[in-house]
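Paired with chain B in one complex and with chain C in the other, chain A is shared by the two complexes that follow.
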Partner chain A sequence: MSDPKTALQGYVRYRAVGQVAFLLHRLTGLGVLFFLIIHIVDTAFVYFVPELYEHAIQLYRSLPFMIGEIFLVWAVFYHGLNGLRIIIFDLWKPEWWEREFAIKSVYWVLVISVLLWLPAAFTMAKHAIEYYSGG
Partner chain B sequence: MKVTLKVFRYNPENGGQPRYDVFHLDVDPNDRVLDLLEMVKGYHDGSLSYRRSCAHGICGSDAMRINGRNRLACKTLVKDLGDTIVVEPILGLPVLKDLIVDMEPFFQAYRKVMPWFINNDPPPEKERLQTPEERARFDDTTKCILCAACTTSCPVFWADGSYFGPAAIVNAHRFIFDSRDQAAEERLAILAQEEGVWRCRTSFNCTEACPREIQITKAIAEVKRAILTGDLS
Partner chain C sequence: MGEPRVRRVKPVAASEARWWLWLRITGLLMVLVLFPHVIVKDVLVGVYRIDLEYVAQVWANPLMRVFDFALLFLTFTHGMVGLRQVLQDFIHTPSGRRAMTWVLFVVWAVVSLMGAVAIIGGVKLT
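Up next is the complex of A and B:
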């Protein structure tokens, strides 16, 4: 009975706080991995297909990519912080897996990741706006 | 108050197409979801099938997904849910009819962890003594009623039913940390297997779902630590 279809139904329709962290951890992890893969591929173009490398750099300057990179920074912060939360709870403080404290920690990781991300997001957004307004 | 109750229906003898039936009911805010199901079965549609026994949160028969989260129908009040209530079977076990699932895979995993007392010493004249502190060590995990709310809330179990699941680990924990039991090592070896505790990704759904408020993720973490260190203190 348990299968990918059941899992998908659960991911989408089950309601729990812990699951938000579980899903965000996987989505941010996959997002960062996807970016790393395309980054490795485009850097490899320098050696293998130099003319494509220029094209790749142009793509990075397109608006969707610039916006995507801003969210990439949050994904790195969130994935790292949530990973640390799980490592600390699992290996060091199992007693912190207590209902109320663990749920609070999910929210705290979200808040701290956004606070760490805001300065970088501001700088990157400012750069994107200047680039597109001809600054 | 008036509520809209949306119930998952499935009858394999009747074409087998799952559907949702909607019932508009006039209920008391202090009614439980189980009362609503009884009302539907008694006055609207006698073919509605669900499990219930004690109706007081002890037997663990009526775990179901209520408004997207696993709960016991007999412990969930209407006033805590709002005026639209969606009731579905727990996820990850085969649905037999309406809200009834086949619990056998769940109990198979439960039996694998040897959830019974093992002590090969000759029985003492009176009883096997234990200090209050030794008893407190596993008190939390004695509360399990095997309702399957935790195991069927687990994203790992949804994807792969071969994972023992939180309930089996909780019941292993109850004996592993019992100072009178002598089979902790055997149970830890079983839980260290591929389908055991290392499949847990600490999504925490189990702890949130448990109607007995057992700190399940904590118990699983303690078992993980005992496997790594061999320390049962």
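Up next is the complex of A and C:
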């Protein structure tokens, strides 16, 4: 086991914006996986303990979760798009790892993930407002 | 001048390349299942409208069960292999890594089995 502090410092002090992409990829990945495990278990309730499923969904209808869910969707978008970038570079276009282009591609992924997320976030916020104003 | 100095590096196990490739293959396939799942359930339908009856209706279509099976398998294996990748940065000894992989495998197997049984068993409407 290495000192976690050393590893974490390595994450943020190493190289250019690509390191930010790497860190965000890990954080969004861990966050989404954490939710995924909960989500698989709560969905399994529909078969094992149906009453508990309704209870779980009731929790998902709480305001903190509805707000968190909006950010969860960004995490999925970012992780997916950045993952696609890595896959395309690694498997088909290794020459695109060239420094200048790779740095540009990080900014593109950030911009596209936010642009795709905005309409989704808007729709989800609208749902939450409607739900909480009795719509 | 004696023997030329040779730097010996223990090569990374071939299995690591398969884990690496697995993340990329599942990542690509997930574009087809996870993006639609998130956009439909979280954005278009809205989780607040989902209940037992909704799930029963969706799973009335066997194709949706196949879809959810693919979703479960791809996302969760991708996630657990990814977690293994992250933990490798913190655990360096071969025995530690072996133990970590086994723990992750057991968690993966138990949770996957729960999900799979539920998809096959369907909604128990009371």
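We adopt the following convention: the second predicted complex is superposed on the first by the 128 of 135 C-alpha atoms of A that agree within 3 Å, B and C clash if a C-alpha of one lies under 4 Å from a C-alpha of the other, contacts with A are read in each partner's own complex, and residues count from 1 in each chain.
FYI, contacts are C-beta pairs under 8 Å (C-beta built on N, C-alpha and C of every residue); 3 or more make two chains touch, one makes a residue touch a chain.
Since the structure is predicted, the reported quantities are computational estimates derived from the model, not experimental observations.
**Q** Looking at chain A, does chain C or chain B touch more of its residues?
**A** C
**Q** Check the residue A:L36 against both partner chains and state whether it touches chain B (first), chain C (second), both, or neither.
**A** Touch status of A:L36: second partner only.
**Q** Which partner does A:D90 contact after superposing on A: first (chain B), second (chain C), both, neither?
**A** Both partners.
**Q** Could you look at A:A21 and tell me whether it touches chain B, chain C, both or neither (first, second, both, neither)?
**A** Only chain B; A:A21 stays clear of chain C.
**Q** One more residue to check, A:P4. First (chain B), second (chain C), both or neither?
**A** both
**Q** First (chain B), second (chain C), both or neither: which does A:I103 touch?
**A** Once the two structures are laid over each other on A, A:I103 reaches chain B alone.
**Q** On chain A, which stretch or stretches are contacted by chain B in one complex as well as by chain C in the other?
**A** Correct list for chain A: 1-2, 4, 7, 86, 90-91.
**Q** Which residues of chain C touch chain A once you look at their complex with the stated criterion?
**A** These residues of chain C touch chain A: 24, 27-28, 30-31, 34-35, 38-39, 42-44, 46-48, 50-52, 55-56, 72, 75-76, 79-80, 82-83, 86, 89-92, 96, 107, 111-112, 114-115, 117-118, 121-126.
**Q** Flag every residue of chain A that touches chain B in the complex, lowest number first.
**A** My answer: residues 1-4, 6-7, 9-11, 13-19, 21-22, 86, 89-91, 94-95, 97-99, 102-103, 106.
**Q** Inside the complex, what are the residues of chain A that reach chain C?
**A** Residues of chain A touching chain C: 1-2, 4, 7, 26, 29-30, 32-33, 36-37, 40-41, 43-48, 50-51, 53-54, 57, 60-61, 66, 69, 72-73, 76, 80, 83-84, 86-87, 90-91, 120, 123-124, 127-128, 131.
**Q** Can you check the complex and tell me which residues of chain B touch chain A?
**A** 65, 67-69, 91-94, 102, 105, 153, 155, 157-161, 201-205, 207-209, 213, 215, 217-218, 221-222, 224-225
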